[in-house]
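In what follows, chain A forms one complex with chain B and a second complex with chain C.
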Partner chain A sequence: MGTFTKKRDYSVIGKEIPRVDSLVKVKGKAKFVADFDMKDMLYGALVLSKRARGRVKKIDVSKASSLKGVRAILTYEDIPGENQIGEVVNDMPCLVPVGEEVRYYGDVISLVAADSLEIAKEAVKLVKVEYEDLEPVLTIEKALKNEVKIHPSGNILTSKKIRKGNVEKGFFESDFVIEDDFYAHYQEQAYLEPQGILSLYDNNYGITIYGSMQCPYYVQEMVPKVLGMSMHSVRVIQAETGGAFGGKEDVPSYVASQCALLTYHTKKPVLLVYSREVDIQTTSKRHPIKSHYKLGVTEDGKIKAVEITAHMDMGAYATLSPIVMYRSLVHAAGAYDIENVKVDIDGVYTNKVPCGAFRGFGSPQVLFAMESIVDEAAEKLRMDPMDIRLKNALRIGSRTSTDQLLTESVGAVKTIEHAMEISNYAELKKEMAAFNLENKFKKRGIGVSHIIYGISLGAAGQHLDAAGSLVQVHRDGSVNIHIGNTEMGQGAKTVIAMIASEALGQSIEKIRVDNPDTSYVQDSGPTVASRATVFSGNAVKKACEKIKARMEEYFSKTRNVSVEEIVFKNGAIKTVDNKHKILFDSLANECYNSNTKMVERGWFVSPKLRWNSETGLGEAYITYAYATQVVVAEVDMLTGKSQVIEAYTSHDVGKKLNPVGLVGQVQGGFVQGMGYGLFEEIKTTDGRITTDNFNTYIIPTISDIPQKLKIDFVEDAYSQGPFGAKGIGEPSLMPVPASIANAISNAVRKRVKRIPATAEYVFNIIEEVIK
Partner chain B sequence: MLVRFNLNGEEIESEVRDDERALDFLRRIGMKSVKEGCGEGECGACTIIVNGRNVVSCLMLAPELDGTEVWTTEGLSFKNELDPIQKAFVDEGAIQCGFCTPGMVMSAKALLMKNPQPTVEEIKKGMEGNLCRCTGYFKIIEAVKKAADEN
Partner chain C sequence: MSYSFISPRDEKELKEEISAPGSFTMSGGTDLLVKIRMGKISPQKIVSTSKISTLHFIDENDDEIVIGSTITHAELLEYKPLREAFPVLFDAIYTIGSPQIRNRGTLVGNVMNASPAGDGLLALYLLDAKIEISNGDAVNIDEFVVSPGRTILPKGEYVKSIHIPKSKWDHHYFEKVGQRNSMTISIVSIGWLIKCGSEAIENLRIAFGSVAPTILRLKDVEKFSKGKKIDEKFVHVVSDMVKERVNPIDDVRGSAQYRKKLCSNLMYRMVEEGIKC
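Right, the complex of A and B next:
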């Protein structure tokens, strides 16, 4: 166990309770942004670039504007504030100006608002854009030549590195040195609800924005810039959000800017909902990453050194790439204690869709490569994949690849042990061998992966790493909780309500967690990086404790008992001897009658991290989550088509706060990771995405899931987490592509070096074996 | 044209355009549980029940509703009383973001109307047209099984 050892008897934490928002959702009453109806509402649509690269010579809107029902057609000239935008680097035009370049098929050139969506779409077709054709840069290799510059600064935006120990010395001390190239392709978030924003003029307040989003504060920062307003004139309220997975981190800021511009000019409410095609064509994806790995091991399986070079395809604009790269960098060498580590990663511009945030944030791609090369080493040494991982796993006192000393909450080894246990690993290997003896055209393989995941934003994002809360207990005992992190399906509201219920002693039914509204809570950073539980959770816990202390004090004074004797639990307050007893609701009323302050704010700031970006050494993240997974895959040797038959996964979550939610996250993350590992394939022609709806971009259906997914949790408490918890959102997906690739490799006796390992790809490597 | 049909147990008469999708029409008259996720008949978010069968309303035209009996999620729970399938979704934790949920619930309902005791394979077949990106489907299968057990 970690340092959080005090045994506690919780009344809500760790209990199986239904989601707080499930009733409204199951009745179909949850209000997503497209469900808002406003009087005189207009509908927005976008005019997009039809070139991967070209210079805009002329934009002719005359025909479109004469269409009946069209209320506005805007171009760059109509932007009252700044046109150059970007969450990290200002390299992207909100609307591409005449004379400037379009940099991908999907750059936005003009905006339309009309009385109906049909009219808006009709008008889009009538806007004539003339281009001067320019040669596009569609591959990383071509971009690296720098002959055609996508941005004036050149095609490499940033480079990051780690220099730990001396890899040359490490390779010299190794008995075997293995090298290989890996490629991880795009993945589309494919949240079921497309991007959407509603903006309107509010007489008192300026512009109010409702929308599907992860990060209301990003929106609140960007929209005023584009509109030339102050931040206090733009209020952002999150609508119900139908899945996000990183895809609604920065993108809604751009969607909101487009929508707000239409409201600004028409003075009317405008609803802008992307069609699935526009969504897939224009919004950010998981980065394709090409990597080269070189690994040195001794005969007994100790990894002595790893050297990694990687290139990320950022697409046309930086969006969040620089910070995604930071996570790729820190996770590139995996979950192991390695003395000598050298990593170099470049972010490269191409004339394709910009890439950005997606569950795992640049790490599933490199973890797939690392876990593959570790397996290659195991094969070479004739060692079991589990043994080599156990041998090199991180423990208390170990140092990570950035030389961070681990002092608590390191459940890594336990996840390996548990994964072996729940999968009955030795037995499973025998079963598989028997299956393969009996079957000629179907082969099965076992794949293992072991991963690490840095919780929250890390050293590169410390300036954003704080979160607030506003908690108000009303006279009738009911409670409103405002936080700055969003619910997007992952269960944030439920876990926050549980934390509040535990900290206040009020029953969970009386607690309402409201959708974030920028006018209530200070900028609490983005809802990403599996940080909502730790950050908003702590902020809420603090505020609740302050109110509870005041209620306790009041109770102790009026009943003449000491504070130590009072117990708050499940909506009732009593003394240990049961002499005094009152409902939480009645005590709240008494507190009101005696003018007690019943509203409080909480603020949580992450522990400060020491980091050296020159060497890539230091404390990269506040803490880490770990996971180990075993997957059985079956490959049809005649077609190359693979599927996952069963899977076993063990996750170190610090402390299980909401068991139902945790299981749901792991199941969902598994299936999303499986889609990436097996068949989700973005295809492009001349830079244009051709797989832009679910008939061509295939995501897992109910028929694709494994027969069995066994889930286990390791609880190695984290002292700074609320009740000891870490996060789960992303660690749920991270081991999956790697373990699947390893399982397929194991089945076909040939290394899978690309994900997704599509039927076509696997068929080709099987052919090579036969040749 | 004028369509007459039964919506959630009530007779409805309404003017629709010939080329209007059933999805847009139903949303226009307030059935906001019917969601659009793809507009191509691929995601199932717009699933409704027409004459006892689950259909995707984005590929159906509003005039085709004439003379039919239609159910949307709005019609499933009367006076806060959940339909057993809705209750099972809540109890089993089969809901995350909730965007797929109304369509899922309608497909599950249609399946159980036809086949009150489906096997896991039959559940998968019956729900194959409904995508969910959040749950990984495991708890959805559990929910349908549970509702079937209580049938």
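Right, the complex of A and C next:
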């Protein structure tokens, strides 16, 4: 148990606190980017490639420029800085030059700014692009042949591996060795608010960017590069963000570059908001991953070895793929203590939409495959799926698949026990058997999954893994908090306000967490990887503690009491004996009158991780979240359609900071994972996405959500987390596709090897059963 | 893209407005506005029927229920006699879109959209509904709808109402196989009405959606079923007949092959539902 968790009476932490930003959002008062309107504001629009692959021969803008109301039409020649961009590898043009190749249906060729959106859209139609048609590479298999090279360096950008123990020896020592192929398809983030940026020249003669985004510092780095400016001339302020899920990690950097280019040339404010179709066609998705799993187990269910090869479809550009791959690599062998692990994973270019960040970052695909093969092993051994997981689960003293020794906060086993308990597992199995006996055309199955999830950026992202804060207590006791991580619907502002309230002793109503602005706080890394609570939370806690110490010191001196006697709580300060009492607000005023410094910064840096990228061994992440899930799915044997009937899920979160927020995250993660597991499907024709709106890209509605979703938390504190907490944003989704796939497999007595397990897919595997 | 929007107060004014070139008649707008946004149509004028009181009615007599052209799905679901007289239509309408869409959309709009996936439309085919046109004609629903998005409605005319003759049935069934449970367009839809004789089927009507250019009534299957007993053997035979008669296409929601097999499999709902006749 960590040092922060010795039983103490928190006044805010662990309490059910309503979201601090809920009222403005519920009332419709919150302003999102598309709501912005300014004097002389122009509207931006994009000219996109209509080929999956082709060489741009000519861009003719003459007709479009003569349209009344058009203020700018830009091509690659109008870029003052660098045209070659990318978050990890500079393999993507901001605007595709003449003579160069378009590499997917959606590559940006030209930018338009006009007086109205209608005119801008009209102008886009008038820009004539001539192509030389080139043969596109649309599958991983074709890309691997390397006959057509998408980039000069070849179609495999990068490969990563793990070499732990000796898998050959492990398979030799196994009683059973099973293997299979799995495929996990794309998933679209489907945030409610599409990508949007407003850029303008500010009164310091630099450019200010407002936008819907997760990572203001990514934007602040890329925009100056494209504009040929220095970073101090570009200020980035996060606007309210209506969902992101990874889809607004790096993508807003590209959107902001496009928008800022239009402002740079027109000197006017420009609003660029993607239509849903443009958003789905052009922005990053969850990577499709094809994998081959080979697993060796002994008769008593001990996993001796696992060998995995996987290929991920990166699409036309690398974007964040190399670091997504790192997470796929580390999570490929799942949540188990396995002596011998061999993983090889390649990132492959294709002429399709670039893939990137999405809640889980390359993990749900491999966790689905691992959890499927573990289920197969259990079936082969006639073992209960829970028993095999319990037998191989990680504990204190276990080593992960990258040989990381686990020393604290390993709630894995407890989540398995809790999941069995809350689902009444033994009884559930009986009920299912009875149902299946009675029903010929509907079959039910129970699916189990058990997962691990690395918190924050891990060894591959250590250089970014720090976060800052700026806390200012005003004369009236009200507090402003600036952090570098964003609120995007996940509840970050609430949990940060709670941490500040607890650490300062001021009541939460007096605390305002402001939207990140790059001019206040040093680069705090991205708001991804379930890291905001731990990183920004710690940074805020530190700053608050410094101010509180100073207030304590002032109080102690002026009242002539010792610091140990003073209690700060819920907006009041008093001595233990109740002799001296004052409101936080009044003490703040006194501190001001005595020239006390009431503003402070906090800085939290990731504990250092040792990692060997040659062997893929070492400390992959600072800590891990664990979860176990049980779902009951019903399959209509006549149509193949599956429905989740009930679900039980237990998550190790270290420490519950805001129970309401946690439940919200787990509910949302469940539904998003269920959509991925069941029916969210990107379909393409010649590389063009044909499911580019929500009438064809199907996400769950309230009628698809199971009637019963029971949520449980395990608290096994993490000593470096604020009050012992770990993250929940992504772990909430991780077990879902796997448990649903296992439940369907269990129901139809045939292995689901692909997600989403659409009605048509399940129908086809049932048909084979019948044959 | 700009158009004028007109909301006539009576049918005379309506008729004048819709005869102009480039004008589109709008009822709830749940299909029309989507088509405009997608660029599938570019109206010069939209003529709304929403303020015409003479089109907003439901009449009932011993023989039929007559539904005026501005009656929304939600209004129909709340109209008790409809559920009693035509439960299959009630079930079908209940699956249309979402509460918001059912508050705007109308049954006549569903007919005019003439989609092979039309849910209300499928029930109207089963019920042998007639469409009353402003020129006084009354046309059978299967003659009124021609192909996806097309009807025989002459330019300058509008639909006044739908007449649904009352008929007695022992069993009714409607199902939409969609990608999710609501807000979904059918991959395949099916509906049937069965009237039982003493020991066998006296009358059966069956229709499928999303498997042909229009809703498909399988009249020869209906004829074949007369006098047959509903058992697994019967369902097996009919299921094979259905497979040969539907003619679906591949689209973004499902393959033709899947659709064919679905139609055939859905006949087994008769067994699952335990229908005895």
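FYI, the second predicted complex is superposed on the first by the 765 of 771 C-alpha atoms of A that agree within 3 Å, B and C clash if a C-alpha of one lies under 4 Å from a C-alpha of the other, contacts with A are read in each partner's own complex, and residues count from 1 in each chain.
Assume contacts are C-beta pairs under 8 Å (C-beta built on N, C-alpha and C of every residue); 3 or more make two chains touch, one makes a residue touch a chain.
Quantities reported herein were computed from a predicted structural model and do not represent experimental measurements.
Trainee: Of the two partner chains, chain B (first) and chain C (second), which one does A:F679 touch, if any: first, second, both, or neither?
Mentor: So A:F679 only meets chain C here.
Trainee: After lining up the shared chain so the two structures overlap, which partner does A:K25 touch, if you call chain B first and chain C second: first, second, both or neither?
Mentor: first
Trainee: After superposing on the shared chain, does chain C or chain B touch more chain A residues?
Mentor: Counted on chain A, the partner with more touching residues turns out to be B.
Trainee: Quick one: is A:D40 in contact with chain B, with chain C, with both, or with neither? Answer first, second, both or neither.
Mentor: A:D40: touches no partner chain.
Trainee: For A:D300, is the partner it touches chain B (first), chain C (second), both, or none of the two (neither)?
Mentor: Neither partner.
Trainee: Which partner does A:T639 contact after superposing on A: first (chain B), second (chain C), both, neither?
Mentor: second
Trainee: May I ask you to decide whether A:T701 touches chain B, chain C, both, or neither, giving the answer as first, second, both or neither?
Mentor: both
Trainee: Pick one for A:A759: touches chain B only (first), chain C only (second), both, or neither.
Mentor: Once the two structures are laid over each other on A, A:A759 reaches chain C alone.
Trainee: Once the two structures are fitted together, what part of chain A is touched by chain B and by chain C alike?
Mentor: Common to the two interfaces on chain A: residues 695, 700-703.
Trainee: Once bound in the complex, which stretches of chain B touch chain A?
Mentor: The touching residues are 32-40, 42-43, 45, 72-74, 76-77, 82, 86, 89-91, 93, 95-102, 105, 123-125, 127-128, 130-141.
Trainee: Looking at the complex, which residues from chain C come into contact with chain A?
Mentor: Listed in rising order, the residues of chain C that touch chain A are 1, 34, 98, 177, 179-185, 187, 252-255, 258, 261-262, 265-266, 268-269, 271-272.
Trainee: Show me the residue ranges of chain A that touch chain B in the complex, using the header's touch definition.
Mentor: 18-19, 21-32, 34-35, 189-194, 240-243, 245, 275-276, 488-491, 660-661, 663-664, 667-672, 693-695, 699-703, 705, 709
Trainee: Any idea which chain A residues touch chain C in the complex?
Mentor: Touch list, chain A to chain C: 118, 440-441, 638-639, 641, 643, 679, 683, 690-691, 695-696, 698, 700-704, 758-760, 763-764, 767.
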